[in-house]
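Two complexes come next, and they have one chain in common, chain A, joined by chain B in the first and chain C in the second.
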Partner chain A sequence: MMDVGRHPRINLLTYSEIDNISGYIGNFHVTVRKKARFVDEAECNACGECEKVCPVVAVDEFQQGFSSRKAIYMPFPQAVPSVYILNERDCLGHNPIACGKCSDVCEKQCIDFDMKDQLIEFDVGAVIVATGMDVYDPTEMDEYGYTRYENVITSMEFERLISAGGPTTGHFIRPTDRETPKHIGFIQCVGSRTQNGKGNPYCSNICCMNTIKDSLLLKDHYPDTEIKVFYIDIRAFGKGFEDLFQRSKQAGVQYIRGVPGEVFEDPATKNITMTVENTATGAIEDHEFEMVVLSTGVIPRNDSEVIRSLLSLSRTEDGFFMESHPKLKPVDAPTGGVYFAGCVESPTDVKDSVTQASAAAARTEILLNAGQISVEAITSELVPDTCTGCGICVRVCPFNAITGGDAKAKLPVEIVEAACKGCGTCAAECNFDAILMKHFEDAQIMAQIDAILDKDPMEKIVTFACNWCSYAGADLAGLSRMQYPTTQRIIKTMCSGRVDANFVLHAFEQGAPIVLVSGCHFVDCHYIDANRWTQKRVEKLWDDLEKLGIRPERLQLEWISAAEGQKWARTMKELEEMRQQVTEEEVDHTKQVLKEARLKAEAKKKAKESKPKAAEKAPAAAVA
Partner chain B sequence: MDEAPFKCLRCGHEFKAPYDKKAPVEHACPKCNSNSVRPLKAKTRPVAKA
Partner chain C sequence: MADGDLRIGVFVCECGSNIAGSLDCSAVTEYAATLPDVACAVLNKYTCAEPGQQEIKKYIKEHNLNRVVVASCTPRMHEPTFRQCVSEAGMNPYLMEMANIREHCSWAHLNDWDGATAKAKDIVKVAVARARLLQARIESELPVLKDVLVVGGGVAGIQASLDLADAGYHVHLVEKEASVGGIMAALDKTYPTMDCSI
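Entry: the complex of A and B
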């Protein structure tokens, strides 16, 4: 961190927040709010005189509440820059009439009670998101007594208590009697791998190794301590990790497979007792400890939503940010020019975080050194004369790649091709055919529908499948030799967001008995949230079909992932059964109704188009 | 989130599930697991709680 702080080409902005980010790959404009620290960063030499005279006593967040700090303080011992900070909320002297003691003793006159937040603006070509994680708060798991029993602490609190820079200068003591505990229990997976609604279902990755490390630290400091670790299973994969696990066992740490359902405090001794089913031996065991450490899991930062919305990022089901591709682009965000490092993407340990950070830096260098980018071949293109500037495309674009548009001023929108990822949602939503989706143009898809339904349309199920998930699901079903009916005919689009309502109506008008729209599950959408628009569109189509007297059941929707070959096969079997229920009379009626509706809409559109022309002619005639 | 009535367009099963037009979530029929679940007419109005 010191190297970063000293580096001539790195501008380190601490105690700052992102206020806004606009633009796109290669051209981001960033506004940072540098919060007022009320201490002149350039002048403060961290002499500490201010801290000595400050009368305020506040909870020290860095020490997990085990000690106190002043209202003016150094955030933590190795803080970069090594400069004091005045906490506005804690300080009595923000109105200097009330106190001002720190200011009086500061020889360098660094303290400025009138300091204001500063907005700093700059342009960057790429952004690396490394906003870290939060730690699960086990208070909701009341069965473990955290906050009810003082001698139940979390692994983060353990870190402070065993640290030489901690509140006890590394003397490990228990909170109730300040004595060094002789029997310590660790409970693993607190808030991780739970299925009961408390905590999270995912594995937090780092907790097993953290506990193994903690147990060795304890054994190193206090060799006589009896340590027992209660676990579901120890996940010690990774270079040298199994070795560390074995060393911990050899040092005498007992690993017991099973976690307690509840812990209790002995009111007299303040010891913690528990009953555990040892699933390795089948025995029910009672244990008593002077101190219990809850190995708490990792959760996404609760303030990461700001960055998510500013950079148009999406989350996976666990709440962490979704990468562009889990195998091929693991540090790239779906938004071009944005990269991830560390726990923002998933719970990661130090080594993986450094690996990711190095990869993200390298990815950024590739982008910036090239000085130019290759735009995706599949992007949307504006037909300016047709665009009314209504702005619907601006609203639906998941990548903020479309800007401008003013219907009143008849200003067309602008498409930033460098930011467009080619989902086609804009083209599907545009009511004026003002957006061409290259390689997936309306005419191309309509031609595919016509070709499918040219012969024996009653025997076909027109299926729209997205490139990334449902088409890959179909592929998997085929590769796995799963048996399913052969009546479906697939039209591939990059995203289900491209499936225009007119494609579905056209298929029905051409005699399709069943139409299926399929795409990625919401959490897997490769275009952030484009498939939300698919769902909205299909829901509206169901309403429209019903109004026209067409059974909405004939339009089906399914989210199928690349791993769900079985779901694909099952869906096809179910749809085949549905297809066989559709009669020729029903299809003929549909064709008739949709044809009439289409002709009516076309006539209406023509009339609307000719109206302004007549109005334009009128003044000319008057002049003549 | 308020609940709204849904009908599965695969198996016909009717059920209630959270629904917010502004924040769509993925729905699946609790009976047949299909995603062809249609929010019924009362979709804009939250279902009155008993």
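Entry: the complex of A and C
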């Protein structure tokens, strides 16, 4: 910890939050909000005079509320940086002069009640996300009486009570009578591996070993303590873990397979009683403890949503961030130039966090050391002489990569290739085929549609899937061996925003019974909000189809994330049921209606174009 | 649209039994050979392995191929591998197309041999149709800045920052709380060493 504070190449910004991140791999622009701590970081020498005179008594969060602190305080003795902070909410302030005592005694004049938040901006090539975890709050599991019985504590509270730096200087006592308990029970899997809606279904990974460690600490300090651990399974799988487990057993700690359904407090003794079915022996046992420790699980941080949306990250079903590949790229985020370390990706202990951090650092170095990165040649390009300058592409581009355009002055738009990320929304929205989306060109996608439908079209479901979410969701379905009907055929686009209305109409005209457009959930879109245009386009298509007497339900829109393999497989089954409802007569009617509508539109366009200035260049051929 | 000079090579991967266990890879290969502009269709046990890649390179040279279709796993897995492979044989990497007959076919239809085989043929046909229209593209190179942002100053963020700073990179470490340390700083001792966390 000390080392980060004094390393010449680390710019340590504490009490700071990410305000914004823009850019892309190799070139991120970061804005950090350094919050006012009201104490001059450079000047404070942690003499502590301010704390002595501060009249405010507030709850000490670091000590889990077991002791108090002042409004101006050091977060904990070993804090880095070793600087005081003034808590704005607790402080009485000095304007009008209500207090100001700390400011009066500070010889170095470090305290500044007028300090403001600062915005700091810088550019980086890579981002490591190590935002960590929260600890499960057992309040909702009222059966364990955490909020009702003082002698029921959590494992985090245990840490402070056993610590020499804690509120009791390491004398382990129970809250009600300040006596050292002789009988202590640990309940495992609190908030983990639950199926009843309280807590989470996943295993929190660290709690078994943490309790084993706690039991050994207690046995070290108080060898006569009777300790019983109630568990579902003991998971001691890491290097040296089984050894610790055996040491704990040898020290006399009893491990009982079975967790209590409920605990009760004896009002007289304040002891905690419980009935447990020992699933190893089948016996129903009664136990009484002076103190019970709830071995609470790990949950995703509640404030991680900010960084998630800024970097377009996804979550797995458990709420932790999804890695690029669970085995082969475990510390890479799906977003280029972003890496994970620690509990942000899954519950990890100290050793695993350190391992991941070094891995993430090494992955980052590979990128930085290369000095340059090639960008996929999937960007949009203006087709010369066809742009009318209508500016619709300027409006839909999520990255402001298209500028200019004036329809009256017949000025074409300009595409800034370096800013283009390749979603293809502009090409889909352009009514004049004036934008060519490289590697996902109209002609290429039309050829794919034709190849799918040239034989037995009634047996095919044409599916457009975006590269980042839905295509990856289909990959996950396969990887998880989820089975679904063989009728679906996928056409990949980078973003669902690329799916031109003409692609859908063409597929129906070629005899597709069902067409699916699938993309990322709104917050997950890798192109900020390009998929909002997908939705608008599909909604318009539904209206148009209905007006033409075509059932709009035959065009489906689904948001399927890379983590939703199950949803992918389920959707395919549902679409197959829909497909079987579509009759050949219906498809024949659709083909005819769409063909007529297309010919009519083409004729109208031709007439319009040849009217005003016949001398002008020929329009681009209609893709269909 | 075909310019008449198209010579497409299709390489069908068995992926051990991952693909060959649920569909008829030989039939898919034979079918691929009948598709327009396909100059050769080859069956491999593991196309991504060194011998498989060598074979692609060999066929590119021998058959003067100008498009390659690899029918194997998801491009999210091996598109970089095969792009690299064809460029080593002198072909523009954007002229290589993948047909995903594993994640989207053999693994999703384990018990429908005929259905999976028919679907795999279709997937290859669609990939060939697309490959015929692929254009050579040049990737642009972007500079990578040398600084790093680490978000979170718990044990993971601290370790990552120190590693990178020790390696000579400049690190901005952003921590929400007033001190670094995170959850770890509040722990008394940590397993398996039973020593102090700070």
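Quick notes on this one:
Going forward, the second predicted complex is superposed on the first by the 371 of 624 C-alpha atoms of A that agree within 3 Å, B and C clash if a C-alpha of one lies under 4 Å from a C-alpha of the other, contacts with A are read in each partner's own complex, and residues count from 1 in each chain.
The criterion applied here is as follows: contacts are C-beta pairs under 8 Å (C-beta built on N, C-alpha and C of every residue); 3 or more make two chains touch, one makes a residue touch a chain.
Just so we're clear, the structure is a prediction, and the values are computed from it rather than from any experiment.
In the superposition on chain A, A:Asn400 makes contact with neither chain B nor chain C. By the touch criterion defined above, A:Phe522 lies against chain B but remains apart from chain C after alignment on the C-alpha atoms of chain A.
In the superposition on chain A, A:Thr31 makes contact with neither chain B nor chain C. Of the two partner chains, chain B is the only one touched by A:Arg532; chain C is not. Contact comparison for chain A: of chain B and chain C, C touches the greater number of residues. In the superposed pair of complexes, A:Gln556 makes contact with chain B only, with no contact to chain C. With both structures placed on the common chain, the touch criterion links A:Trp542 to chain B but leaves chain C unconnected.
Those residues of chain B that touch chain A in the complex are listed here as 9-10, 24-26, 32, 34-36, 38-39.
Interface of chain C with chain A (complex): residues 1, 74-76, 94, 100, 102-112, 115-116, 118-119, 122-123, 125-126, 128-130, 132-135, 137-192, 194, 197-198. Only residues 521-523, 532, 535-536, 539, 542, 552-553, 555-559, 571, 574, 578 of chain A touch chain B when the two sit together in their complex. Considering their complex, residues 1, 3-5, 7-18, 21, 25-28, 30, 32, 37, 62, 64, 75-76, 78-81, 83, 85, 122-133, 135, 156, 159-160, 162-166, 209-210, 212-213, 216-217, 238-241, 243-244, 303, 307, 341-344, 348-351, 353-354, 356-358, 360-362, 364-365, 367-368, 370-378, 417-418, 438-439, 441, 443-444, 447-448, 450-452, 460, 467, 471-472, 474-475, 477-479, 481-486, 489-492, 569 of chain A touch chain C.
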